[in-house]
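So the structure is just underneath, and the comments pick up after that.
All chains are identified by letter, namely A, B, C and D, in their written order; residue positions are counted from 1 within each chain.
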Amino acid sequence: MKRIAVFTSGGDAPGMNACIRAVVRGALYHGVEVYGIRRGYSGMIAGDIFQMNSHSVSNIIQRGGTILKSARSKDFLTSEGRRKAYDQLIGHGIEGLVAIGGNGTFTGALTFFEEFGLPTVGAPGTIDNDLYGTDYTIGFDTAVNTALDAIDRIRDTAGSHDRVFLIEVMGRDAGYIAVQAAIGGGAEMVMVPEVLTPISEVVDTLKEGWKRSKSSSIVIVAEGDDEGSAIQIGEKIKNLIDSEDLDLRVTTLGHIQRGGAPSAYDRILASRLGLGALEGLLAGQKNVMAGIINNELVYTAFEDTIRLPKPINDDLLRMVRILST
Amino acid sequence: MKRIAVFTSGGDAPGMNACIRAVVRGALYHGVEVYGIRRGYSGMIAGDIFQMNSHSVSNIIQRGGTILKSARSKDFLTSEGRRKAYDQLIGHGIEGLVAIGGNGTFTGALTFFEEFGLPTVGAPGTIDNDLYGTDYTIGFDTAVNTALDAIDRIRDTAGSHDRVFLIEVMGRDAGYIAVQAAIGGGAEMVMVPEVLTPISEVVDTLKEGWKRSKSSSIVIVAEGDDEGSAIQIGEKIKNLIDSEDLDLRVTTLGHIQRGGAPSAYDRILASRLGLGALEGLLAGQKNVMAGIINNELVYTAFEDTIRLPKPINDDLLRMVRILST
Amino acid sequence: MKRIAVFTSGGDAPGMNACIRAVVRGALYHGVEVYGIRRGYSGMIAGDIFQMNSHSVSNIIQRGGTILKSARSKDFLTSEGRRKAYDQLIGHGIEGLVAIGGNGTFTGALTFFEEFGLPTVGAPGTIDNDLYGTDYTIGFDTAVNTALDAIDRIRDTAGSHDRVFLIEVMGRDAGYIAVQAAIGGGAEMVMVPEVLTPISEVVDTLKEGWKRSKSSSIVIVAEGDDEGSAIQIGEKIKNLIDSEDLDLRVTTLGHIQRGGAPSAYDRILASRLGLGALEGLLAGQKNVMAGIINNELVYTAFEDTIRLPKPINDDLLRMVRILST
Amino acid sequence: MKRIAVFTSGGDAPGMNACIRAVVRGALYHGVEVYGIRRGYSGMIAGDIFQMNSHSVSNIIQRGGTILKSARSKDFLTSEGRRKAYDQLIGHGIEGLVAIGGNGTFTGALTFFEEFGLPTVGAPGTIDNDLYGTDYTIGFDTAVNTALDAIDRIRDTAGSHDRVFLIEVMGRDAGYIAVQAAIGGGAEMVMVPEVLTPISEVVDTLKEGWKRSKSSSIVIVAEGDDEGSAIQIGEKIKNLIDSEDLDLRVTTLGHIQRGGAPSAYDRILASRLGLGALEGLLAGQKNVMAGIINNELVYTAFEDTIRLPKPINDDLLRMVRILST
């Protein structure tokens, strides 16, 4: 392989730039030319493709977001769109792709390969950590640290006013961010999509805490929880605890969790996975995602990363309960 | 004066602990005994009053929240409640008070003095910076820095996805946090309660930006703006810009703005104001708030801090416009 | 076991408080009484031992340092001292110990067991990550993040002035912090005790960078490197590069790497290891250290953690080279 | 004036980029063309001059360092060098300059004007806050916050081990950073160039603290103190306190104080001063520095900023003493 291209797709995640840098520097190290594609599949179709060198990725390892930008592309869902994308890539002499993104990205790459035979190796870039085939995804550790920094701030107020705070964190259909934020934030409780937690259980936990004269409490709510958003859950709790003394507040952390300088963990993980994806592609891998499992680099077929669920660690859920004793 | 007491009241603000520390250490330095009252007027009535020494305030200058806690007190609104509070203070031999809080706190202190003659000197503790009689209030600088840190994170995503973000910041009826966050965050626009900004103007600004090929935009909305919350304003904008291409997101920063380690500015301001309030009280001041205006310590009558408005600096509003050129 | 005690020993590390909290809350959850010992073996001898409850560890998960304090103890090196320590523990009815620290701590515990039969289970608390029997030690991830934050700041200046910076990081005889800081900080080179790096190689790397028109360079030096401290290495480089144009600066990060709020990773790791050590002790383990290897809780004999080396990952060293291409 | 240029010179300071942005956007707003000069006087001589537009300064307000870079220039000290610089500027049609830097920068600009009549308006960019004509310089607030963050971390360790820490901060011949860091960091003592502090006084303060059972102490040392560096002062203290129990450590914060994202205060100050310098230049000002005194924009002749001393606030020195009571 003489020339490859790299792009980011799906929601941005801290560490994507570190991953791009590893792909580019790795390619140059191995004597391979490397191109960048802006705005994912959308830019592939539009031909927003340019050669990258070592300087292109200088001083970006510490930057959040993605210098290659990201966008949704309706056109890539059509065979016509994919044909245009292929023509653009061939026109630039691209022989293989490194895709940094999530399952949507990999599904597109798989279809693309089936039609045109152009191989892609993926790197898992999403804060949600919901991808089978890797212990952690790029951006997850930073998102948890950002959430914890916010929770630490809110705890100052919770403690000063003896309040109950419901804090909603991101994670789409997965509770990874929520569980880690709950343990690290010293929360009384966590509500995640993977486990059914009836409101009555939340109310019981709060009441038990008051009996042990806990003056303030924090409950972490994953955005995908079955009982609804933190705002909705707050309303339900207020309906069940009919007391003047309940001073309950709700806060939704929102988009701050997607940005910021990547943590040490994410910079190193992103560098390993970017290099791993690139070297896999050069070694002939195709339609697989590079991941780190038990500290070893592994490649998992896109079919499996897309299809297989990634269960949450029961030990961590147990810890939330024990540590709020 | 041989013995004084200090308390915090109203919403907590970063730097309140640094202020408490300055009152306590200052009192000890001047040979005066100092007591702490927990949960503001509520603890005053309940007699939650205890002697403090140098160790009581060790290692708190960097902590958010307030070690003396804060609470609302309905009872203090009644003359009966205030009588109980007075009896408690007299029982502990307290001859004067330092109150850290805002206008609600000072209004209470004024009534209390009129009835019982116990003097209070105040220190302005609120993130909103809406108090006449001081250039800045304790907690304001930290809140702006926290908001900016969040805006920096969101800008990573805005830039990566070419999005428009409406970001709602705190400030109650005042736009101070919003204006400073807008300048410091490089926002295209700011909406504050002090100035009427029709939605049509926001839409025009966004469209002009697109003409100049600005790919992403940030608009800061003060929580007290006349056009409604950021969520409501977002809906109005979507109704006026009927385009698939508008990728507009709304985020409300919320309670994170109240907590966290105080900034350098707030630690020093809080220390100066705590010491200033204490030394004012010892020198015979009463029913005044200590403030810093043009870098000088000044005392302003509670009547004036409560009654007089604090206009926003027009130069700053002009700067938001110029700097988004 | 009805009553146990917990203590910290050796250099403090961020996450020690989260670990103490997990031991205390875990013991209470299992119906076991738990005592704290202040200042490690020194307080054990002095009898600075007190009962802890759930409130004792409230609001400490986010704090750096250790609420139980740490100190060296010459007396514990004598059998007389250890006898006193044993008498104190027996006097308080302590049946087992959880020790949070490093190899010095565990060596003491092993001798203590051999003489008096009181069992200890350890948790690895040190920023250096130099303990066999766990992938990561408590405090390591935070120290790397602190180092990276400092490196990011220095890179601003390096880039603005086209300078070479030698940055010395901690790690005692191990290069773990240095290697991770080098990858995460985008350094051109890393010097670690585990690998001999002659000064001439550093000079060659810098010169090659200049040829590729790299205007600024960062070299990370582990404090235990064979070529000396960063200051000494800087002098050697200046002797070899006789040029006016070389603008080389040296900075030693120092003690900032030991403190600060623990990262998410360290809070969760510390919680797991604290709980793991406690539950191991209750289950009859003795003279072992709890560790996490490949995401599984494991117990390793003190003899092995003390005796066996923990090699550095070659892949990471290779990555520093490739990524500075 | 139809065309102006902007450059940075001297040591870099956080907020320089925000200042550049304000100059550029302000010029465009007023219909004036604006050029950037790279590497200060050095680039002026070399003709490293390029036109800037609104996009040139997008997304830089939060970045430390300076995108225009900075360098020393020996050539500009010669009349020949200055002649070259003038020819370059005239060749580019530049009619006026905005210089962001300190006294060295302004001295150069003054000589340049005397020889060639090209007007310069300055903006004070230095972390040291040692410039007459402005309450605060660009970068000072960020440097103090960075120092405080480091001191907070070190206090964790100081408290955990009952240690004395000497912490050296920057500031060249001025003690501004030291005094603010001492108040904000809760230090026992501060040593600054403006006040003679004999070592015996430091020793007395430490001993008094121990009598009051202060277990740990922090002393802030300004780099320009007459007693020498923190390392030298540490040696002197050890010679005077002949005790095994003295566990004294020294740390020098170093270059981390120059970098990092600027604080809110610095971003707003830099924006005001950049705009103020630009609008002053357009209004016919020359050889003056824009400053903010008592919240008002003022212009001070370069002669005065260079010649006049800026005394330190005695109230702040008094506060360090009182607050360590």
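Simple rule for what comes next: contacts are C-beta pairs under 8 Å (C-beta built on N, C-alpha and C of every residue); 3 or more make two chains touch, one makes a residue touch a chain.
To keep track of the chains, here are their UniProt names: A, B, C, D = ATP-dependent 6-phosphofructokinase.
Keep in mind that this is a model prediction, so the values were computed, not measured.
Centroids of subunit B and subunit C (each the mean of its C-alpha atoms) stand 39 Å apart. One finds 28 Å separating the Cα centroids of subunit B and subunit D. One finds 35 Å separating the Cα centroids of subunit C and subunit D.
Shown for subunit C are the residues in touch with two or more other chains, namely 152, 155, 159. Shown here, the protein chains touch around one cycle, each chain meeting exactly two partners.
Listed by chain label, the pairs that touch are A-B, A-C, B-D, C-D.
Here subunit C touches subunit D in the complex through residues 8, 12, 14, 63-66, 69-71, 146, 150, 152-157, 159-162, 165, 249, 251-256, 258-260, going by the rule given at the top.
The part of subunit D that touches subunit B in the complex is made up of residues 21-22, 25-26, 28-29, 54, 59, 61-62, 135, 141, 144-145, 148, 152, 155, 159, 180-181, 183-186, 212, 261, 263-265, 267-268, 271-272, 275, 294-295, 315-316, 319, 322-325.
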